[in-house]
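Each in structure tokens, the structures are laid out below.
You will see subunit A twice below: alongside subunit B first, and alongside subunit C after that.
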Partner chain A sequence: MATAAARLQQARRLPGVEGVWVFIAADMAMFGLLFVSFMLERQKNLALFEHSRHTLDANFGGINTLILLTSSWFVVLAVDAAKRNRVQRVAPCLAAAMICGFAFTVSKALEYADKLRSGISMLTNDFYMYYFALTGIHLLHVAAGCVVLAVLWKRARAGTYNSAQCVGLECGASYWHMVDLLWILLFPLLYLLR
Partner chain B sequence: MSGFLRDARHRTWLLLVIATGATFWLRVDSDIGLAAAAGTIAIAYIKGRLIVLDFMELRHAPRIWKGIFETWLFVVSAIILAVYRFGLPAIGSA
Partner chain C sequence: MKPETYSTDYTMWRLLAWCGPIFMTVFFFMWGVFAGNLPPAGADLDAAQITAHYLNNGMAIRIGMSVCMVGSAFYMAWGCAVSKVMRRIEGPDGILSNLEMMGATITCAPLLVACGIWLTASIEAPQLPPAIIHMMYWLGWMIIDIAYMVTTFQIFAVGIVFLRDQREKPLMPAWISWWGFVTCAAFFPVSLIPFFKTGPFAFHGLFNFWIAFFTWYIWVTAVSFNIIRAISRLQQEDGAASPSAAQQRAGVLITG
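Here is the complex of A and B:
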């Protein structure tokens, strides 16, 4: 019985290294606090938050969601290719994920530019303070993720990743999925909740 | 297409895209207050869980790690909904 339990525990595997997961968990805890803080502040001034939310273009948020989901999917395919020793497929998948990351950044820049042109900034009111802070911090994570993907892509092109050596790739993939996961909650919070 | 859908990760991606579409439907075609909000947050929770289990590959990870991320997602979603519900009556009077 004890042997079976030990075998099951052994079969359970954490992708990448534990340290990266500690970092990811800490990052997500910080975002969790920010999400709750936003909701509490929203409750204090519903009319202002609701009025300000209407000035956001949910289409931008929706398109960004699809971009990040697709990007994550490409990263999943890259890790899978490495594990199946289809070494040549890893780099193109990572390149596609990276292009999605850049597309997200461009889309966000367009959205910010639109707001700033309309005279809306972080100082306009509490909603926009949260909007720029939350999406800005998230965008920094996307930018960092793009750098990680670029490094992984370069290494993948050299044929570094395969079934015996993919821990680094898994670490980068886990971080990128976290960026996606955070946006999944951020999108309804800022753009959709009436 | 059926070949594409045979792969679980492809199905997960497709489900996530469809769920995003459903969120948009709730936004555009419904005016049902709390139910729409609950639906929106529930969809976000389901999408998040798919990412945690299938994309982050925590479905078969040690229970402690799977538990940490599933708990985070559940607690954050539940708090968002609870705070939303608590503040909902004030919207009508605003």
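Here is the complex of A and C:
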């Protein structure tokens, strides 16, 4: 009975430490406010926002979504490997996730360069202000996430993470999933919303 | 040559820790409420409107900015108390407590300079051309806002050290360290203020004023009150570890 209760409690615990969830909740709330602000501004100037949206390349957005989803999948595999004590598999999965993060950064840089070459900047109009600012802030999160993944990868190579010790890995994974989730919200908001 | 044992003056630590709430109170009421920065006049106002703002609120801005120039030094003093508590966690060779103290000290510089510029603008508004007053208004905002990286280093150092605290009940609740990281994240979009006069990224906007400033305000307030508690706990730890040492720390200077 006591063992079952303990198991249930273990099954229900938050991944990582509680503090990382404070960070995730607050960070997502800030993005949430920006999303609301974008929607309110869009209502005021629907034609401009709709016209500007059509100049974005949805292929770039789609590819970036796939890249981040793949990276999240690798992070899930890394956590799973640690929990199953397949210690040798953790580092390669984290490396693959990190490479996806770099790929996202390169793809975003190409997209920005394309816009700037076309004479579009964040000063062009309110839509592009939101486009560059929101995706730019998100890109900073991706860059920070790559640093986190690099630290986790280095520790994983030293065999740090296993079923008994994976709180740090869970914290990093939770953050990376938040970065992924934010993009999943940003992509339809900026590229697809009609 | 006989050994000397110096006392740890926890009363002084506490006094410096209370400088945090004093700083927050002074800035909130004198800079925010009294001088009319809650909300700010706005990045979208033209030179004539900004000059009118200074002419209409000249005395309030003059008093508010004068008090804030004095009050900003309390942030530095508070930073010393935080640094001392951090040193107890990371040891004498720790570098992050130094980074925190430097960050707190240098954070005073943009506060002092910006308030000094706004103070001068309030005094000179009747004589100077509106374009100059407008320039001074913007200059103050650029300095107070885009110096955020100094404070970011301070907040980052505090967060890392208190998360490393190995005590069963840490001196600082973990959520405050994580809230500090949120504050750091909220600061970076402030770099966008030179580009916008309206919207969430203008210096008076939703993100770069209301979110960036208030996440920091909450962080300073939360750290302040927990540092005051942490000092009492450190004093108790000293007493529990060695009652005689505690007596000495309480003020007996053994010179023999």
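Keep in mind that, in the parts below, the second predicted complex is superposed on the first by the 183 of 194 C-alpha atoms of A that agree within 3 Å, B and C clash if a C-alpha of one lies under 4 Å from a C-alpha of the other, contacts with A are read in each partner's own complex, and residues count from 1 in each chain.
Everything that follows uses one rule, which is that a contact is a pair of C-beta atoms (placed from the backbone, for glycine too) under 8 Å apart; a residue touches a chain by one contact, two chains touch by 3 or more.
Since this is a predicted model, take the numbers as computed values, not measurements.
Trainee: Considering only touches as defined above, state whether A:Leu192 meets subunit B (first), subunit C (second), both or neither.
Mentor: Only subunit B; A:Leu192 stays clear of subunit C.
Trainee: Report for A:Ala26: first if it touches subunit B alone, second if subunit C alone, otherwise both or neither.
Mentor: second
Trainee: In the superposed arrangement, does A:Gly119 touch subunit B (first), subunit C (second), both or neither?
Mentor: Neither subunit B nor subunit C is touched by A:Gly119.
Trainee: Report for A:Met129: first if it touches subunit B alone, second if subunit C alone, otherwise both or neither.
Mentor: Only subunit C; A:Met129 stays clear of subunit B.
Trainee: In the superposed arrangement, does subunit B or subunit C reach more residues of subunit A?
Mentor: The partner with more contacted residues on subunit A is B.
Trainee: Thinking of the overlay built on chain A, is A:Ser174 touched by subunit B (first), by subunit C (second), by both, or by neither?
Mentor: So A:Ser174 only meets subunit B here.
Trainee: Take the contacts of subunit A with subunit B and those with subunit C, and give the residues found in both.
Mentor: none
Trainee: Give the list of subunit B residues in touch with subunit A in this complex.
Mentor: 9-10, 12-13, 16-17, 20, 23-24, 26-27, 33, 36-37, 40-41, 43-44, 47-48, 51-52, 54-58, 60-63, 65, 68-69, 72-73, 75-77, 79-80, 83-84, 86-87, 90-91, 94
Trainee: Please give the residue numbers of subunit A that touch subunit B in the complex, ascending.
Mentor: So the residues of subunit A touching subunit B come out as 9, 11-15, 21, 25, 28-29, 32, 35-36, 39-40, 42-43, 46-47, 50, 58, 62, 65-66, 69-70, 72-73, 75-77, 79-80, 170, 174, 177-178, 180-181, 184-185, 187-189, 192-194.
Trainee: In the complex of these two chains, what residues of subunit C are touching subunit A?
Mentor: 163, 174-175, 177-179, 181-182, 185-186, 188-189, 192, 195-196, 199-201, 206-207, 211, 215
Trainee: In the complex, go through subunit A and note every residue touching subunit C.
Mentor: 17-20, 22-23, 26-27, 30, 33-34, 37, 41, 122-123, 126, 129, 133, 137, 140-141
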